[in-house]
């Protein structure tokens, strides 16, 4: 059962990764990175039970925090940095 | 060697070559730093794979367990990660200063502007 | 056990795919986002390889601090890589040579997880058996880091100090100037 | 010295400059930081000299850090080679740091001088650590400390070009360091140990392993990048030419020497000459690279218009000389390499100090800017010429001793082609030195420049310059200090390695 959960998570990460690789807009990539982080948190939590040492759940918690902070940082630079808008426009031209 | 034992190493080789290729080919300085990070991280994967012990768990002692992963590569890589981020920080601040001085982060452009003076 | 292999192979596959994408993308912002995913996959892989302390550090430092530093640099500079003339042939040959030498060496090692590998039988077992009595910390990685190989950790602190000193010397006046004269700068 | 401290000299060698660095940052004004850095450098020299004496009298010193025994803890292990390298590095530091304050003040902004001195101390600490450590991973850590400090020091140079040179140095250096890290990982995977002596003792059990060959290749290439061995030298010329003159003097004098030390340590100390040369024939790679480096470095130097860059290219050639000596794999060749390490450190430091003195007065070091400098700065120029003649290998200078021992070592091995390369390299050096002398003495100063009276380099810089140039002449006359010690060191190194593989 736990193994099945781990497999499902890896597969879902792979699907998110496709979005991260293909874009087409920068928002897709940011969302994908964030989603990837959330999946990693879940995978680590599941892996703890799989491995028989669920006490490592605190790593998953720390990841969740880092993921949150990193996303805030990305969005902050995206909104207020000097290059965010230009990045989106150019991305659309690519696609 | 069976495939189940060597795919970690195969991935390490692929990552390392990709990283080094980016470092050598790209003239954009930020891209170079990114490549350098990919290159370094592949070495971390190599070391941590070395530390893995079949049937072992994380090297945090507990009464009911007796097989643990090798802690030594973990220790080394903790140090190497910090060294890596220190290098990255220094590299990026150099990039910011280069951009301020030359108005570009492309090595080619800088070399062109200096009139090919850089023989390197 | 095959689930373990699936997790490992999956994460390694993600890393390879992302690395190649970083090499190909010319939008630097996107490349940095992908690099964060790369680091995060590496950190998750380290958990699966039982290196929880390293995973922690890689997530905080690799996926967290490095990515944010790169974003900050991007905010202060350009966002896009230019099309440029490459010299691809020689780097490609060198990279292939590197791949051959490295794979020859790695191929010769004991498979991942083999308990008979020299790394598992010579120095490390003593750390695992004696840490409880000699140092008295349950986390063996902490014990080795702080005690047996404490001087590496001191060196690590010196490396951070050196980098901090360098960044201060380079950017010390920079952000103060930026803040006061923001309009003229961008 | 206090007796209790003597036992801890190996640790103090690293800790002294390491503690001086944060002190330099804390005291802030440039002058106080300069005093601390000078103290750190001179104290390091005293410790290094004492260590060399101890090692020559009593043999190898081992120091277990934190009291943890060797393969488990980190061991500092100092033999003749390490102590000799320490003396080279600390001598350059102890002459350059205290006496070159005027040059630093001319080239580094006041607000950053304390950071500059701190970076010098960190660089010195890193190099000392490389020379004393007996642990492979600890070697990597100190290599990175020394390298990061060196990148920072180069970045203290003026303007964008210096920053770009520093970044290129950083990228090359990091790739090199990562190669070293891969090599250490492969060695660890093959032997299970990180302690050099322990690894070395366990290698015969796995001598057939391909992993070992791969480890050897990565370590040698990684270190070759760090020492700028041709054709991996691309980062060096700009880094040294665009850094402040004092940094050029210190790094050209010491940093490449430490990398040569690391190469000798890994090849002869860890793997052993039998494995490296008889089994892997590494000389078939190193000798052509070194020979090409001697010629290419000399030829490119000849066509430079920036004198600093000219001597930076000359460093590429001189490093190649050292590798050439080591790759001959004979006692004579190895001791020639060691002698040349010492002599080149003194001469190159003197040359960069002289250039610093000229920059101080004229603001530039292009060949054109040197026109007529012979009349305005006779003492500075004379020092520059004496040191350059040492580089050429003119009799009665230290350079002659090292070139001569190198030539003899090459002829002993019946390597006529290499002997020709050695002589040709010297002729090239003579030619570019000639260009400088011609410009400085025969050409008239550019019109419009104020050339009334003499304006020498600042007294401190002049003193340091002549101290180093004088030492180079002295070592050319009395060879017991260099050749005597180097032969003992080389003999011990080959002896300890011999027979291990049979």
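Each chain carries a letter (A, B, C and D) given by its place in the written order, and its residues are counted from 1.
In the analysis below, a contact is a pair of C-beta atoms (placed from the backbone, for glycine too) under 8 Å apart; a residue touches a chain by one contact, two chains touch by 3 or more.
This structure is a prediction, so every number in the text was calculated from the model and none was measured.
**Student:** Which of the two pairs, B-C or A-C, is linked by more C-beta contacts?
**Tutor:** B-C
**Student:** With chain centres defined as C-alpha means, what is the inter-centre distance between chain B and chain C in Å?
**Tutor:** Each chain reduced to its C-alpha mean, chain B and chain C end up 5 Å apart.
**Student:** Calculate how many whole Å lie between the centre of chain A and the centre of chain C, each centre taken as the average of the chain's C-alpha atoms.
**Tutor:** Centre separation, chain A to chain C: 18 Å.
**Student:** Measuring centre to centre with CA averages, how many angstrom lie between chain C and chain D?
**Tutor:** 30
**Student:** Report, in whole Å, the distance between the mean C-alpha point of chain B and the mean C-alpha point of chain D.
**Tutor:** Spacing between the chain centres: roughly 27 Å.
**Student:** Which residues belonging to chain A are in contact with no fewer than two other chains?
**Tutor:** If we look for residues of chain A contacting two or more partner chains, we find 51, 56.
**Student:** At least two partner chains per residue is the criterion; list those residues in chain B.
**Tutor:** 16, 20, 33, 46, 50, 57-58, 62, 72-73, 76, 79, 83, 86-87, 90, 94-95, 97, 100
**Student:** Counting only residues that touch at least two other chains, what does the list for chain C look like?
**Tutor:** 13, 50, 52, 72, 74, 76, 78, 102, 106-107, 109-110, 117, 119-120, 123-124, 127, 149, 152, 155-156, 159, 162-163, 166, 170
**Student:** Which chains touch which?
**Tutor:** Chain pairs that touch: A-B, A-C, B-C, B-D, C-D.
**Student:** Contact residues on chain A for chain B in the complex?
**Tutor:** 51-53, 56
**Student:** With touch defined as at the start, can you tell me which chain C residues reach chain B in the complex?
**Tutor:** 5, 8-9, 12-13, 15-16, 19-20, 22-23, 28, 31-32, 35, 38-39, 42, 45-46, 49-54, 57-58, 61-62, 65-66, 69-70, 72-74, 76-78, 81-82, 84-88, 91-92, 94-96, 98-99, 102-103, 106-107, 109-115, 117, 119-120, 123-124, 127-128, 131-132, 138-141, 144-145, 149, 152-153, 155-156, 159-160, 162-164, 166-167, 170-171, 174
**Student:** Applying the document's contact rule, which stretches of chain C touch chain A when the two form their complex?
**Tutor:** Per the stated touch rule, the residues are 3-4, 6-7, 10-11, 13-14, 17-18, 21, 27, 29-30, 33-34, 36-37, 40-41, 43-44, 47-48, 50, 52, 55-56, 59-60, 63-64, 67-68, 71-72, 74-76, 78-80, 186.
**Student:** Which chain D residues qualify as touching chain B in the complex?
**Tutor:** It comes out as residues 137, 140-141, 144, 148, 151-152, 155, 159-161, 163-164, 166-168, 170-171, 174-175, 178, 181-182, 185, 188-189, 194, 234-235, 237-238, 300.
**Student:** Considering the complex alone, what residue numbers of chain A touch chain C?
**Tutor:** It comes out as residues 3, 6-7, 10, 13-14, 17, 20-21, 23, 26, 29-30, 32-33, 36-37, 40, 43-44, 47, 50-51, 56, 59, 62-63, 66-67, 69-70, 73-74, 77, 81-84, 86-87, 90-91, 94.
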